[in-house]
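Next come two complexes, and both contain chain A; in the first it sits with chain B, in the second with chain C.
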Partner chain A sequence: MFRAILYQQWKWTRLIVALGTLAAFTIPIFSLSGSGGDLDHKAAARFLGHIQSWGIFYPTLAGTLGVLVAIGLWAPDHRGRHVYSLALPVPRWRYVLLRYVAGLTLLAAPVAALVLGAVVASAVSSLPVGLHAYPIGLAFRFALALLVAYTLFFAVSSGTARTAATILVTIAALVVVQILLSAAGSSVNILMPIANALLTAPGPFAIFTGRWMLIDV
Partner chain B sequence: MSHAVEIDHLVYRVKKAFSLEDLSLKVPTGSIYGFLGPNGSGKTTTIRLVLGLLRPASGSITVLGHAIPVDAPAALRRIGYVPEAPHLDPTMSVTEAIWFHSRFYPTWDGAWAERLLRDFELDPKRLFGKLSKGQKGKLMILLALAQRPELLVLDEPTDGLDPVVRRDMLSAVLEYVSQHSATVFISSHLIHELERICDWVGVMDNGRLVADVEMERFKTGMKRLKVSHGPSNTTALPFRVLTRTPVGNNGSEMWLVRDWAPEMAPSVAAAGGEIEQIIDLDLEEGFVELLRSFRVPKSTEVAGV
Partner chain C sequence: MSRRIVGLVLALCVPALARARGQALDTARLHHKADSLLALWREANVLGVVQQRVRDVRNHRAAQVTRATAAVRGEHPVQTGDLMVIADYPDSLPKLPEAAARAWDVLTTTYGSQAAALVAQPIRLAVVFGNREAIPSATSRRVPHNVTVDELERTLLGMAGQPKVDSRFSRWLGNTVHPVLDTAATREGVYVQLVTAGAAAATDCFKGHGDGCKAALQVSEDSQFYLSVYDAGQRRGAVAAARSPDVVDPADHARYARCVDDGVDSACIDYLRGIPLQQIPQPLNFEARNLLVSTALVLGGPGAYDRLMADSTAPVIARLEGTANAPLDQIVGTWRSKVMAARPVAIGVPVGEAALAAGWVGLIAFGAIRSTRWRLS
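And then the complex of A and B:
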């Protein structure tokens, strides 16, 4: 049963997963290309700045992959208006769990690729004195960010179009209210507390913020 | 008599748009139950409730001894379902769709699936999304039959298909039923098709079950009677008068009756009337007249219903 679900999900998300896996492997390698051995203080700082500029790609890739795979997983069910899947002789909770675990299984590939790419890049690069590579730490953080994005959008995508519409309308309504408040000269900011709650620890998206460094002091 | 499907005082509402009110229905085990009704009468909704896809507001549903929707997965293991519109993954080939489906059914009969695949002349490599409507219908029937169900639930399986495909599909269903004594619950607009294969019939109209009888009784029991000097009150008659319409100026009336049997003719005479003519109706005529009688405004004369 799991194999069948996994196979179906592979068919729907293989392109996304393959491209994501390729990107996860190559980003660490490109980020360290041209790294030198003995660097003075200024050059080392510039090198860290270069590494940091590549850091944006990790959370972006994790978020994009998580969202696209989560949406792709439910696409066949949405197309069939869930009639076929609901008529299968499986309790609904188990069916959802099978889909969720199958998606996680597929997402193991980009995580493994990132581990491999980061380890290879770190191993072949001669790092300036005082700097260290953190391939496993970076990959672990990437995996967590991927898990958050995937889980959140898996939950949203598993619902009906009405659920998704409700979420979008709520967000749009908040933005409209904020615009009206600003136009009226009010100093009240309703979006900032929400953004803070989501983006700072222990908010669910805090994992995406901050520095993503393969090489650091 | 045991029943494969038992629906008792079922209520289901979709806001104000549509409702099933107090629906009770029993599908005898081993029967081929034809479920008739015009578009929007509630056939598909009833079927989805039977499968546990929808949740009723009140009432009870039992399928093969399982309470629905609580025990739906156990019941679905024993049910072959062909939906109104095929809902398989369009990116899967025929072989992949069969393999995918088989993983969910422990009673799957691979050999028979192979045979049906050949009989239906389906291309195993062709994607489901690229199949014609008839081929999709055949594949759905194949999937439903190869899981060796005790109950087949077919929701307008042959709707929009050409006669050859319809015949192939129904032949496969009948062959299966004859070999395995399965129960079939089939909805269709094609009344003549059901007339050939069904031994029991239920008629839905606007969320109500307006008839639930053996096919033979339905066919022989629906008549038009031309009656002269008919009694004003027909409730005492042993059959049901659905409508009565004046014919000409001599006091004759045309009655549409249900539950008629030839030995009931003297009862009309006993009530002071005289039967001038008995007109047979085929299933389609009976179905149309039955629905018409239930839609007659209350002010129109309808007795004994």
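And then the complex of A and C:
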């Protein structure tokens, strides 16, 4: 049954996964495009700045890929009003688990591509004294961020459309309240504490913050 | 005939002699003026010194009175060594004694016997509460009631200040001697500087050559350090960093262009010779040098700061060696080994962060899987 679900999910999300895999492979290579054999010590500071500016693409890719795959896995169920899944002779928890694990299996491809791209880029680049490549560390952080984004949006998508709508409306309401407060001249900021709680430890998205550096000291 | 000649000579000589006598008088008058100006300057200088002494004595007496009466007036002063801290709501700062003890320890470790002079005046703090208006005061520093010990320690050290240093040492160091508070962070910062300094000497230092460290730290006070610290390409970069093309003097434009555009090293050296020393980019900044001074002070133990400041005319190398009671190679070697040991932890995901992410994933996934109803909208 797992193979059937995996194949089905592959058909639904193959374009997203393929594009994500391609991006994961090429981002490390492009980020190191400035480092050739002539890169010497004097360019180290500028080079680190260049690498840092590329660092934004890794969490963005992890988040985007996790969200799109998670939504893509449940979209056909919502469209078919869950008739297919109800017809299956398995309890719901098993069905959800199979979907979740199958999605994870598909997402292994971008992670592997990132490892490969980062290792290849690090191997062919010439680094100044004192700088080191961290392909595995970067890939591990990417995998964790991808896992968090995928799991969270998988959970949201596995519910009803009403659940997703409730979450979206809550977020929109918070933004509207903040705008109204600002317009009224109030200095109260309700969004910032929420963002801080989500993005800093022990928030769920803490893994997205931090240094996403393929090359560092 | 001869009488005529003598007469003519006399007629020519008399005005010349008169002119020479007048010049001699002018010179004497100017000498006299200069001497009287010098005497005036000396008197003014003595007056200034006396005024300063009187001010110091007055401040010292005021400080003594404040110290002596603080407890009597119920100000609950916190005293550690010579450091006295008076807070308007001392009970609201339970960590104040600890912060004061730490600050005094840092001051005595860094400045030795000169620490007492820095804290002659008691330090006053005004505690700020969220719901209460603080009473403004020119002599006190406002601190929030929930301030941490570290912040409080830094506040106290900031208010104590640093002793003045002579101009020669200050020119090399780039500032006064500062206590190194966050040693690990400072060493990390210097490590990153060594990697990214863009100077051949710093690279050599990173690779383990002591001479490279000495050159990068410029302990020899060489006014042409750019010849030994940078290679040709780096000198070109230093010129470009020191002056943008828009602000180059028109007379220097050709030399600047030969250096920056054509990469002619002799033009770069010529150009750097014409720039004031402090405007030439340094390979390592004040933080690195201050860490070297701190290393020498720690090696030197008691009286180290007094030895550092004992002879303001001595070269920096001799003063550092005197401070540490050790040769420069040992001081720089200790400095380097501590910096190299402080290599920043790079990209790796900390175990706690990974565990946290895994925990969130497990929790959310469990919630999604355990939902038992087929919820249809």
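As a convention for this text, the second predicted complex is superposed on the first by the 209 of 217 C-alpha atoms of A that agree within 3 Å, B and C clash if a C-alpha of one lies under 4 Å from a C-alpha of the other, contacts with A are read in each partner's own complex, and residues count from 1 in each chain.
Here, a contact is a pair of C-beta atoms (placed from the backbone, for glycine too) under 8 Å apart; a residue touches a chain by one contact, two chains touch by 3 or more.
Since this is a predicted model, take the numbers as computed values, not measurements.
Trainee: After the alignment on chain A, I want to confirm one thing: do chain B and chain C clash, or do they fit together?
Mentor: fit
Trainee: Just checking: does A:V90 make contact with chain B only, chain C only, both, or neither of them? Give me first, second, both or neither.
Mentor: So A:V90 only meets chain B here.
Trainee: Which of the two partners, first being chain B and second being chain C, lies in contact with A:G159: first, second, both, or neither?
Mentor: In the superposed model, A:G159 contacts chain C only, not chain B.
Trainee: Using the superposition on chain A described above, determine whether A:A44 touches chain B (first), chain C (second), both, or neither.
Mentor: Only chain C is touched by A:A44; chain B is not.
Trainee: Between chain B and chain C, point out the one touching more chain A residues.
Mentor: More residues of chain A are touched by C.
Trainee: Who does A:P202 touch here: chain B (first), chain C (second), both, or neither?
Mentor: second
Trainee: Tell me the contact category for A:L144 with respect to chain B and chain C: first, second, both or neither.
Mentor: It touches chain C, and chain B stays clear.
Trainee: Report for A:R81: first if it touches chain B alone, second if chain C alone, otherwise both or neither.
Mentor: The answer is both, since A:R81 touches chain B and chain C.
Trainee: Looking at the overlay, what does A:Q8 touch: chain B (first), chain C (second), both, or neither?
Mentor: In the superposition, A:Q8 contacts chain B only.
Trainee: Measuring by CA atoms in the overlay, how small does the chain B-chain C distance get, in Å?
Mentor: 6
Trainee: Can you give me the overlap between the chain B contact set and the chain C contact set on chain A?
Mentor: In chain A, positions 81, 86 sit in both the chain B and chain C interfaces.
Trainee: Within the complex, which stretch of chain B touches chain A?
Mentor: For this pair, the touching residues of chain B are 51-53, 73-77, 81, 83, 85, 87-92, 96, 99-100, 103-105.
Trainee: Once bound in the complex, which stretches of chain A touch chain C?
Mentor: Of all residues in chain A, those touching chain C are 40-45, 48, 81-82, 85-86, 92-93, 96-97, 100, 128-132, 134, 137-138, 140-141, 144-145, 147-148, 151-152, 154-155, 158-163, 201-202, 204, 206-207, 210-214, 216-217.
Trainee: Inside the complex, what are the residues of chain C that reach chain A?
Mentor: Residues in contact with chain A: 191-192, 194-200, 202-203, 206-207, 233-234, 237, 343-344, 346-349, 352-354, 356-358, 360-361, 364-365, 367-377.
Trainee: For chain A, which residues are in contact with chain B within the complex?
Mentor: 1, 3-4, 7-8, 11-12, 76, 79-81, 83-84, 86-91
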